[in-house]
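Think of it as A, B, C, D and E in the order they're written, each chain with its own count starting at 1.
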């Protein structure tokens, strides 16, 4: 029973962490339909910059804000230089951002070397609560809270403003949106930058979760993020959240009960869900 | 009279919205039928059901005495049913000629030949060129279809449909967007198909003068139901049709 | 209010517009006629700033438009109904209306309500994905969208295409009502409709304006209609 | 390309200079260079012949490794190959050594099969193999009746390491209560850790390499508080910096600059600090140096003769002094027997990472692995 | 060009160049197979490495468990081809109905499953560390193998060229633009897509087999997403939907990597050469949107027909 509670709580919070990693991607890929392979490098930059700032200032929130700002800056550059010429063309987006990823990751190596670094965190987040056999890791509880707040933020932005509508319309037909007096270029830049900031935040929060950060971690988490955005249903924030939690819980329970499946569980989930519901859990027909 | 196409209690609904409701629609072979009805009445949806773009929620479709309700789009086309689309539906990155050639090719026997056969290709090419002439697009045959003006795309659409040599043609507003002076020519093309008695045509059109000029029989669709059907004159005098569809201006229009 | 002077436009290497000149008078409906492919749509698109290789001059309320980006042109008060409607297929009707208001905070909501009244179909389908609308409904949506958004001038490309006679009639009424508030430049193949509601006209051929004048003159002058429009 | 000068001996060194293992590659190269200088007293000459070495980056990609090795063998006409940082790259290159009849000194790739089923006579290995690791790991914790759980990455490195460990530990009378394998890319290792805890073992033995490591989550899950002692290999200094959650842990080390006590090591530490502004040698620096020493010593014995058969004969059973003490190429499978170190991790003032403190040296006979190339 | 390549080994006796060229030919074959999907059918697969890997393991396992004769080499190729047909058929049936993004992710998922199988089916694949094996005498000579690869490339190029200009090829091209319309013309789209993915799968499997022959070694990295990305990159840099493009793309990518990593050894700032590789990709993809072939084509076209200017009225 204790084991099950532990598995559940840990799986849940891993799911929420995955949602944090994927939240930026729900905007950039899910909504704007930009296949951004460099997304993983936003995590990595967020993690490294955040950690560096934290070690420098010893203020968790200063580091957090710094990481997000740097993520936004990089996102802005990437959008300006790499993405703008290739809107609407997925394959070229993928390759150009692949190049971008190589550059961004090499820059990490240049600044911070190629060894993994230990991720520190403030004392108040360190350690765990123990109730008999049930162990609740403080940081994971913190992740649960942050994840919920981020979900709320996204939800409010997309429901209560017309930004979401603008982007979807812009993806459908760029020209026609401009004819409504909307500077779609700026809107896209802004959303991309925002998404990159979210990714950097995700990376920053990921760091203390595993305790170690390294230049190559981007790719593997980016693929995970793509998976949850896809199986959640493109453009659906609740879908991505549900998918993230499914992935987190499934990972925890298979690792415990059917360890032989744990290498392939994410891919099996992906295949299973897409075959069952070809547009993802909350995906609508006709949006791809 | 022999019916080439029959529908039985054909219905489709999207959620709460019943777009086609228990339609029994019979098309006599060799005739020219026009479907009229207000915007949103379900005309295009009816075509979509007939050609297999969407499955019906209920009812059956019979074509040439086959129950085709469950057949795929491609299978229906190969049985001899062809349609044009209301929203232009072409291959944008192929040339105009290649667009038509694709349609010609689909009538060939060996659909899956993995190696090129130049002689056959040339023959198809020639046939495609002829078809382009009938719709006055021969000068643009090497243009990418995407670069055509709107009206020109509509003509291309018609040429592609003709290439299929269907026994039953479903035309969804073929002349929308074609300039006034060229409409008669397109009309000619359509009339020519009809003059050959083997073919059956179902036309959706809002241009009443054209409908009256061409049709043997009119069907009025309203809110997904058959509101009226019969000889054109009879329909034109039907009050319900006038108020739902034609409006007061019409007589001025058709002068 | 809008003056187009010696407008030349290239698309890729093709010289599509070869010196188009005409003007649009405030508070009136001006109709642009012409065969398929003569460049009517290209003219409207050039006004909207979609074509990069454009020269000559387009002045709107004495401001030069050439060289401005599309959204600025739109913000100056010009609305556009493209011939393929270019509806946003992943939005609902209501969302499209909301979007159209972003640039017109002042009157947008009011205009949106009026459009719902004018086109009850759209009101009924408020929550529907626009990709599911019928052809005619899409047309209404595109017109509403442009009208809600703009204040001074509407460029409308073949609106009657695909509309039922009764809808054409309604559209004519609607356009006449809209004309009270907004100037209209209309591209139209439906001569009956255009000649009924238009005040001025221009005829295009081969990338140029070949004739123009007041609509009454056109109606009373079968020679011209015959010569340029092939109508007798 | 010209055939090699009669009075030059060329050595091609393959290492990962980019990619995930680049830190290892750089250590090997630096160590190798130091080793050449040490063994030739800075002359880089042996038996009147000049020694030059050419380094190539395998990028940790097998196809690149093969391409680079072929280039070294065919264009540079090298007399020896050395490398590489990854077992995959090394395995891919092994047959080339045989095809071109050149000695290859494997360093630091650890897969058993290199001197096991994929062995060929041209292969010598100065690096320790996974079985030696396992024996050392077992020696550090296993004894009669001890209950041990294992945790490893679900890949060959992890699985083979555990298999060898179990063999060694059971030989010492320990009881293995559970084997847990985790997806190495996982975000969350707590379920795997949970599985370990459920078995309530005395020790948890871990085989792990790579950046995404579970150290922090072991601490978060209060493994030690629940009475489970953790044991694993300590790796390079960079990863020690990430292991502070494991202070107090008893395990083993392949090399840490304070552990060996011999002259070669003293020279290495001093010279390394001199050359690389004060930095100390790291995990595989000693290995790179050992590889160089083994080659030079063999050449001394053959008097500069690079004929492979002659060299094989010379090197089989050869003993040579390295920073890790004396090593010996076992004649059967050409694996260098060597010392490993049982350690405990402790914090030390002024050092920004926990350091391994020697419990005792496990000598080369104690860590002798089974012969697997037959 | 081909003559030049035939003579090349006699002009330049550098072995590593020979290997580099051989590798270019092999990846050219692989990239062409990807182009059949991407350029000619408009299918974006993120799992194309699946077939490369199947071919690779089929050849390697066959040669490893039997004697290293040409006969078993050919058998290995055959097994690879048969497996590729079966797998592409099954995966295609399951997933080709999906829309683009979803299809791409699904194939990624399947490829990843093969990756896991290669890791886990130890008795057959020796798991993650892979295994070396001996190749037939005839193929072990690098020069001979150079010609084998070159001839394979030329033959496959010709076959695929014929395929793309056949009526099936033309349907594929139409599918890439407007699938729904092709269906309405009476073609069964799914059949054509299946044909396309089977052809691409078999050719990819062949290239995978050749690849492991050059290495004499196989490990699960043949199933890694990098392999698919390489094909994608080569196809895009060369020019999609051209067949010749992927060949040029393969050459460019391999040369870039080769010379950049070479520079890395001599010039200090190129030590981090991957950074420059990334920059190069960006410049090429942004600077040549249609790839090398596409760019050359549109350049020459412009030169030939400047009089076109005022034509189409």
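Convention: contacts are C-beta pairs under 8 Å (C-beta built on N, C-alpha and C of every residue); 3 or more make two chains touch, one makes a residue touch a chain.
To keep track of the chains, here are their UniProt names: A, E = Branched-chain amino acid ABC transporter permease; B, C = ABC transporter ATP-binding protein.
Note that this is a predicted model, so its numbers are computed, not measured.
Student: Across the interfaces A-E and A-C, which one involves more C-beta pairs in contact?
Tutor: A-E
Student: Among all other chains, pick the one whose mean CA position is farthest from the mean CA position of subunit C.
Tutor: D
Student: Relative to subunit B, which chain has the most distant C-alpha mean position?
Tutor: So the chain farthest away from subunit B turns out to be D.
Student: Centre to centre, by mean C-alpha position, how many angstrom separate subunit C and subunit D?
Tutor: Each chain's C-alpha centroid was found; their separation is 76 Å.
Student: How big is the gap, in whole Å, between where the Cα atoms of subunit B centre and where those of subunit E centre?
Tutor: Distance between chain centres, rounded to whole Å: 43 Å.
Student: Take the average of all CA coordinates in subunit A, do the same for subunit D, and state the distance between these two points in whole angstrom.
Tutor: Between these chains, centre-to-centre, one finds 37 Å.
Student: With chain centres defined as C-alpha means, what is the inter-centre distance between subunit A and subunit B in Å?
Tutor: It comes to 48 Å between the two C-alpha centres.
Student: Give me the residues of subunit E that touch two or more other chains.
Tutor: Residues 119, 272, 274, 312.
Student: Which positions in subunit A are in touch with at least two other chains?
Tutor: 263
Student: Going by the contact rule set out above, which residues of subunit B touch subunit C in the complex?
Tutor: 14, 17, 36-45, 86-88, 147-152, 155, 173, 176-182, 206, 208, 244-250, 252-253
Student: In their shared complex, at which residues does subunit E touch subunit A?
Tutor: It comes out as residues 38, 44, 94-95, 97-102, 105-106, 108-110, 112-113, 116, 119-120, 225, 229, 232-233, 236, 240, 272, 274-275, 277-282, 285-286, 289.
Student: Going by the contact rule set out above, which residues of subunit D touch subunit A in the complex?
Tutor: Residue list for subunit D touching subunit A: 20, 22-23, 154, 180-183, 185-192, 194-195, 198, 211-213, 215-217, 220-222, 225, 236, 238-239, 241-242, 244-245.
Student: Which part of subunit D faces subunit E closely enough to touch in the complex?
Tutor: Interface residues on subunit D, with respect to subunit E: 1, 17-18, 55-57, 59, 61-64, 66-68, 70-71, 73-75, 87-88, 91-92, 94-95, 99, 111, 113, 118, 154-157, 159-160.
Student: Spell out the part of subunit E that touches subunit B in their complex, as residue ranges.
Tutor: 162-163, 165-171, 173-174, 177-178, 180-189, 191, 195, 312
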